[in-house]
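Each of the next two complexes has chain A plus one other chain: chain B in the first, chain C in the second.
For the complex of A and B:
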């Protein structure tokens, strides 16, 4: 995937996929809290938190029928988890219709095989890159057209936040040559 | 008198002859290039070559009287009042009744008879409060006037943009102070700004990033050398130790011995190493107090520096404790 003389495989690990969906009906949170399994009722915030075991996702359910699911490690898993959650609600007796599934946020982690000189990188990438060593040891780098942002550490680890998995991969490809220019050792 | 008549002729000559003179508006007709001399007592401009009085009744725009710093302020006979503050809403030119000076302006209870103070807009009031706060903060760490002025300007820009309207004004003021110090080339650490402000470091950091985005500016990265003189003089270390510490820190960053460490921690560790090698030894705790760094952090950075200690010192440094006897933590 990287344009280089020897194509080195760079593993991009997706750590979190956040998605939202609707069940198209009002839900009685009290009923879910009493009868449902593996749920936590947060009455002050008006939501129920349901944790599924497989796939390991946490779903936050509101009484309007909107649900946010986090913790999945891939987009497909996120969809399976969402459907499982909707199925649990259906079994509790609600007229559930699965709809408007959308992946909102993806967090991925990538590790470069070399260390990076952060001050050099920041100087070349102003104003997209912002580095405040007093506040955080990583450089915050934003890629505007992809709406992706990443945190680049001096050890070579990069944490990417993007709107979907494809964009996260593109972001890594985009930043690889820039980071290569500021690697330690050259 | 003869001179007076010549004045009239010169004046007429100046008006009738449309000769373009690039710089001055009046000039001697026979010596157009002569620089006129001003006679302040009569208000005349006189040509030094021929003595012709070229300009008459010149108004002197200098001050009417001299004011000295040890004079009592209330006796200032200025008729124009204070200078306009250009930072406030573009200069309000309305008339204000000032505080009374004589005994007649106070009624029987001691209250002033005329009580109206022009009501400022709430925007102005908020800005003035912020300026006062900035002044107080800057005063606590003895910042010069140019930094305070820059801070005030930044605050005004940010306030007018209204992007950060929800944030506390004090937080914005502290962040502006931090940015101003950075821009002037004498950065202060966030912890130093925290020490003079009531806002937490986290909030100042957040406001700092928001302001940079709002004003679309960026600031230079901090380097270890920016803080050396301040930390060393606060610790009372001699100049040789300061130079050594600066050298150590710069070499450490060049050799990239301390990747990912904040420049302040590196500076603190360098000061520790330099002071331990000289006659004026300082403990980690003392340095940590001055720099705002935890002493474990100094220890961590010091370990990275200790590894290559011999290369980091400047070549002409006088060792009180040789390199191999430096404390190993």
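For the complex of A and C:
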């Protein structure tokens, strides 16, 4: 994915997509743990962790039928992984109905070709940006309308957390001119 | 309310009886007031003595004795709030006095706490955390040299937990805490290191160093205390104070690896090449890239070089030690440092790079870097596990050069012969006395270095190791010597 408005294409790499969905029936976790493949039963926490190989996705299953799936690298992959997980459960004998699929969180990484002056940047973006060198080397920048938050490092790499991929791209486009203003060269 | 005139008959003669609490008109006999409230002190008898009825009330606020519905609704409404604020104030004063904060700071902190309570930030959080956050906010706005680490020390709480509370508080109260300047911490640390009369001078030198570090981009994303520690160490040594790394660590509260890393980064900057006098007078124009950027570039270059090199096996071993920061190789590095620091300073005016003495066959000892350095930092820092990664790059470059058969860099013919022999590992068979005669140079250290280079490596290292075990006196001797050489 590229931010097209700048002459230099910026590559935004999606590292993680988290989604939730339901299978609309109660599940017997013990049965899944005994008969299922590639599962881990966490009895103390009341959940089963199922790891799929292709797409590389980890699904956490609760007995209520709600499932959280993490580890996918795109939204489509996340949906495929979710459906595969539901299919595995169906094969184990449960009356599964795939429903309420929703992408919850997207983590992306982007690298700027220049270094950034963090104290400068924080001063300009006062309430939105927060920089505590004693605690973390990056600036925490929140964009409220987009519900996106990002961590900006002095090397120019930015880690974005947003509710979906489109918003993550928008967040990068939003922050690019601000970061450009406090780059190391100027 | 005593009214002098009766409403019925207009008679002004009214009889007030305090015992019955009545006010009666003597003309018409109508009762004007009933149950008059009396403000008199009453007494009750208990065990022979009579005591006054009443309670002591403190002057500030309602306090505990407020009887406004306290019997029925305790802990709800205004009284609970007063309770919370009073408790908070007490804790603030207690914590603040431990840190020697003045009264103005404590009052401001209490105001912050009141605002926090109003915005319900104390709900679901330990009050001690909230109070520490309020105090730290005051410290930041006032610019006092208190670190979040101090608070976590006093409360025995994880510093990141406190940091989170502090950030939430600052955001809620819309208070922009100004960024921490490492310059703020220097006077405090300098004072703790006990420099005596010269504290001010050492502080000024350290401040210059920190300013220089800022311009060289070492301070972005780093803990300010780490930078201060490095600057103070160098400043102390510049002014002839022997502060060991351990003393600095106990004051500054960073770990040894961090301090060494900062020193290495500073070494990379061109400023480290200046002598002490030059540093105080001149300010270099060029600004450096941040160290993480340089490291990233170096790693990518290293990978490229490693791919092209014929002797891959050795490179991989070297790169393991280099990129892993070589902490376990400290002893070996220290040993070699002790030897070669001495020889380095003989060649200083020429600014010559000495070759890596260790050949490729001897893997346990990693390649040492010899490059031209100002006397200051090498001297001041003593044995350092430094520049393993930098040394690595140059050693690989030299490996390539060796394979290409390029000329050895040396200033004198004697040196060139030495280096060539060292590289070809036939030094044990050569009589160096004859060599000396050939050169016509009467250098004192010349026979010493060949003996170290040649001969049996393991023996040398064991003896050297045993010699350098009590490191402190040796390093002090050398260190003093080099300061004179430098100046």
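Details
We adopt the following convention: the second predicted complex is superposed on the first by the 180 of 186 C-alpha atoms of A that agree within 3 Å, B and C clash if a C-alpha of one lies under 4 Å from a C-alpha of the other, contacts with A are read in each partner's own complex, and residues count from 1 in each chain.
Following the convention adopted for this analysis, a residue touches a chain if its C-beta (ideal position, glycine included) is under 8 Å from a C-beta of that chain, and two chains touch if they have at least 3 such contacts.
Predicted model, so just to flag it, every value in this text is computed and none were measured.
The superposition on chain A brings chain B into a clash with chain C.
Touch criterion not met for A:9: it reaches neither chain B nor chain C. Within the superposed three-chain model, A:130 lies in touch with chain B and with chain C [touch as defined at top].
Contacts of A:122 after superposition on the shared chain: both chain B and chain C are touched.
115, 117-119, 122-123, 126-127, 130-135, 137, 153-155, 184 are the residues of chain A that lie in the contact sets of both chain B and chain C, per the superposition on chain A.
On chain A, the positions that touch chain C within their shared complex are 115, 117-119, 122-123, 126-127, 130-135, 137-138, 153-155, 184.
Here chain A touches chain B in the complex through residues 115, 117-119, 122-123, 126-127, 130-135, 137, 153-155, 184, going by the rule given at the top.
Residue ranges of chain C in contact with chain A, taken from their complex: 147-149, 159-160, 163, 166-167, 170-171, 174, 176, 179-180, 217, 219-225, 289-290, 292-293, 296.
Only residues 189-190, 205, 208-209, 212, 216, 218, 221-222, 256, 259-264 of chain B touch chain A when the two sit together in their complex.
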